[in-house]
Amino acid sequence: MPLLTADAKGVFPIAPTPFLADGSVDNASIDSMMDFYATCSTGLTVLGQLGEAPKLDHAESLSIAERVIKRAGNLPVIVGVSAPGFASMRALTRDVMDLGAAGVMIAPPNTLRTDDQIVNYYRQAVEAIGADVPFVLQDYPLTFSVQMTPGVIRRIVNDLPSCVMLKHEDWPGLEKISTLRKFEQEGMRRISILCGNNGLFLDYEMQRGADGANTGYCFPDMLADVVNLSQAGKWDEAHDLFDAHLPLLRYEQQPGAGLAVRKYIMMRRGIIACDAQRRPAAPLSEKARAEVDNLLRRLAKRDPRAAAAIR
Amino acid sequence: MPLLTADAKGVFPIAPTPFLADGSVDNASIDSMMDFYATCSTGLTVLGQLGEAPKLDHAESLSIAERVIKRAGNLPVIVGVSAPGFASMRALTRDVMDLGAAGVMIAPPNTLRTDDQIVNYYRQAVEAIGADVPFVLQDYPLTFSVQMTPGVIRRIVNDLPSCVMLKHEDWPGLEKISTLRKFEQEGMRRISILCGNNGLFLDYEMQRGADGANTGYCFPDMLADVVNLSQAGKWDEAHDLFDAHLPLLRYEQQPGAGLAVRKYIMMRRGIIACDAQRRPAAPLSEKARAEVDNLLRRLAKRDPRAAAAIR
Amino acid sequence: MPLLTADAKGVFPIAPTPFLADGSVDNASIDSMMDFYATCSTGLTVLGQLGEAPKLDHAESLSIAERVIKRAGNLPVIVGVSAPGFASMRALTRDVMDLGAAGVMIAPPNTLRTDDQIVNYYRQAVEAIGADVPFVLQDYPLTFSVQMTPGVIRRIVNDLPSCVMLKHEDWPGLEKISTLRKFEQEGMRRISILCGNNGLFLDYEMQRGADGANTGYCFPDMLADVVNLSQAGKWDEAHDLFDAHLPLLRYEQQPGAGLAVRKYIMMRRGIIACDAQRRPAAPLSEKARAEVDNLLRRLAKRDPRAAAAIR
Amino acid sequence: MPLLTADAKGVFPIAPTPFLADGSVDNASIDSMMDFYATCSTGLTVLGQLGEAPKLDHAESLSIAERVIKRAGNLPVIVGVSAPGFASMRALTRDVMDLGAAGVMIAPPNTLRTDDQIVNYYRQAVEAIGADVPFVLQDYPLTFSVQMTPGVIRRIVNDLPSCVMLKHEDWPGLEKISTLRKFEQEGMRRISILCGNNGLFLDYEMQRGADGANTGYCFPDMLADVVNLSQAGKWDEAHDLFDAHLPLLRYEQQPGAGLAVRKYIMMRRGIIACDAQRRPAAPLSEKARAEVDNLLRRLAKRDPRAAAAIR
């Protein structure tokens, strides 16, 4: 599989890990999910936080990465390798790169505070995994409590050629994209910017210069349409489609609760067989499930994909 | 003015503080804003964080509170009195209650961690301000980093009879409302639950048992409609109206950046004369302003109030 | 009174606020405390966090500052003016500078994260209080959760000429002093570095280039001796004296509990009349008081000042 | 090897991981270190944070645990198994228990806030590792930002019989020990309380009811003497010895910098061959090394073990 490059565009879904009701990994659903992603995505990310990676042991993680990579064909697969220490980060990176991963994603540990601490952390991470492994810089202050200024990102991009992509999920984040694109005009190496945060601002992020999305919303095919419409300059159509999904998208974006919504809808869409999470998990309450059903019903009036899900 | 009670319902906007371009308080706009609120709200809150309270000195704060309270007529006015020490909290509380405030709002200092620390803090606060002053418990973990479980809120409500309202802005927060309403069925004293967080989940919060909104979205009249439609059981109409506003509401809800959006639109709506913030402030960039204009234009197709704003 | 300058040396105690048992301010003890400080200090700081400043209302704060400044004679008095907003910081600064304060101390709000946020905060603070008011930069990550690299301190010193002193209480902090002194050799403007953290590392901090102490340990006269011995190059004598106090000093340095120890010993030394704290307070338990008595008894064998305290 | 029980007493050093200058694990030094511990300790802990556990990959961790456990003979060995997910915690626990570990130590992830979150985390951890594996509850708010009240510890002890020891490193922490011992008199199951925090308050912690120390200070033999003297009621002798070490102990307790001090002195004492740390590491500066040498020289006048180290 080719390595990830700074030219990456489109939608890289954050893949959930499908489990059966008994908590075992559901390999058949990995396959069906991959077949679905092949229809709408230009790559994907596995073993991210929303892939329930911390609930997998090392052998399971490798086995999932392997199955995903094989089934992905030409789609580049990014593997989350964030770890409490560089030794396990290096070990996991080597294993998945050997299996054919296109690159890795690294989140900052939430103890980092100063600009220098952040930059040094990524230097050390690259030293650990090897400068030949392309990596995605994850900028998600809401979860990690680490705040990277555009200037810090520029230092990382300039110092570390293997940084090829930014998973942008700062909030607010629109001005950050504009600033980074301005930095590029002033000489910073260009990197791919794919947006996370469940895509809550994807419509305007595309207008600010993002290259696409790297997030787990249960309709990645909608995100792909928004990216494509935006790249074609059809802004109003992009907004119309995006706005129709916004009520559900907002609902799915709730921290903690969101994964249950996502898996439930992916199950109803037939993408995976079962919406089980491994323990510890926060399942949908009855009221929440009724709310999601209502959101789908309302969405079905405006997007036939949602209509299909509730038939 | 009557004191705030646990029966409060409807929409209590968080009022911004209008400034002139030179940074002085714009008293005429306070009056016009109050006249507007009188058309759609059942009360209001001043000197909250989004009222730029930390940029006001003590004399200015009092003068604003006084003007607002006088103009409010029968509308109950809640004053934010969160302070680094109980001495200034007490002093401000006494001053505003003498002026006719209906109650005060108290946010927890962000150093609180354990359940006991939180409960003790509110006990001490009540000791400081007096048990005869109704207070609003502000539950906003995203900003204050203080996490109150439903059990902690129950302890506060049961221990402190002057706690009459919860400003609910946990995220996610729907299950919390359901749990608190269940607690009430099991014997907890009933309190008013008004929702903050810019109303991002107001549609479903009403279904979970909230009594209304206590937030600063630039169309409080829309929030009032959603509350009224919900209370009348017209859920679909409530969703239709709410969903039309969601793209803008989400945009305004961005931390830090949101206040500029809010003031800009309130200016365009003619509610205040000028969208200036006191320094330090994060003004709207040109791109952001264009985005807001676009959001208004799109909203105008579905809500005539937005159409009026851009004429 | 002359303004604070970057030449400040020696010991600037952080003065507690003496209260009577009924919680009122004990003016007579302010006077006796000031007379004691005159025998061993080269300046002092009032209304710091350990001066129970948040428990004082504005009028009380001013009245204490006024009394202290008058009684201080030629000793420069620094006033803590940290506040949640620049408006109250400015108001308090103007008031105390008019009363004759030598400068103010400003701690960073604990929401600051990035290097730029920290530097901008101090720029805005200087804009608020006026560039003619000398200020002390308080660097206390343990309490404020704000981490300033030496590089950030250099930016502040270089950008803001009114920054004349660093209250150094990073932990660990020895290398930081060395780095800052190296920066000065490389062209950074020289500032005074006085050490806080109860002086826990004062012996070695002096060897790294500190100018003295700015902390509240109950034997400031011991700190003054250590500073003087160090400046005379009598390192072993400095260590001998310091080490004798270390068991008690460590005990007093406990967060939260330390102020009760400090006031209790200052009372036993006759410096203040009563060890009462205003509520909310953490008083000494019986066991803790016995431990402090034991620490004093043991210290009395090596320092006659402790012997005097327990007679 | 027998399992860890709530009767554990004495000193359980936190063992560092000895490395050679090239970064490889120094097995010979593991053996010599173990032989040294056999002379003064009643157990030990490996793969804690100060054992540089995050810099070891899984195979290395297991190999070190195995070597330590074999060489430990009858000394119970506790293994740190804190991990970002329960799957890896379970895997490591099973592996080391199979090798003969006496129990495991679990620190709380720094995202926990409310009392319930903390209790639930430990319930889930026990579910993951098995209720038959004795575990040590690590209470270290300074590093983990998780604050456990005595009441939360009581809930954990009462709910989870496999919790047999508290690694007590709250700061301040003396009252906490007293409260927990009082809880036991009121019916809480008795657990072993061993103190961490480099033993900074060990002298008084023993008087409050602690059973010993579980920390990494470079003179564990001194800690053992203090524990033994305390248990014999020879409080003054305990204080005399402890106070002699306090200047060095305080120096070694510096976060981040302390491990370099510890390894350097253990090397000078002949316990390990080399003071190298794996990258990323904070080595001793020249000035710091001179300070440590000076501290040892001064200590040598009062403790022959320090004299031996500098010969």
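Each chain carries a letter (A, B, C and D) given by its place in the written order, and its residues are counted from 1.
Everything that follows uses one rule, which is that a residue touches a chain if its C-beta (ideal position, glycine included) is under 8 Å from a C-beta of that chain, and two chains touch if they have at least 3 such contacts.
Quantities reported herein were computed from a predicted structural model and do not represent experimental measurements.
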Margin query: Which chains sit in contact with both members of the pair chain B and chain D?
Written below: A, C
Item checked: Chain whose average C-alpha position is farthest from chain A's own -> C
Check: Over half of the interface residue numbers used by both chain A and chain C, so same, or under half, so different?
Finding: same
Checklist line | Interchain centroid distance [CA atoms averaged], chain A/chain B, Å | finding: 33
Next item on the list: Give, as an integer number of Å, the spacing between the C-alpha centres of chain C and chain A.
Entry: 48
Next item on the list: Would you kindly tell me how far, in whole Å, the mean C-alpha position of chain D lies from that of chain A?
Entry: 39
Notebook entry, point to check: Connecting every touching chain pair, does the picture come out as line, ring, star, complete or other?
Noted result: complete
Item checked: Touching residues (chain side chain C, partner chain A) in the complex -> 113-117, 146-149, 151-152
Checklist line | chain D partner contacts - residues on chain A that touch it in the complex | finding: 53-58, 60, 83-88, 90-91, 110-111, 120, 124, 127, 279-280
Next item on the list: Over in the complex, which chain B residues touch chain A? Could you list them?
Entry: 171-172, 174-175, 178, 200-201, 203-204, 207-208, 239, 243, 246-247, 250-251, 254-257, 285, 287-288, 291, 298
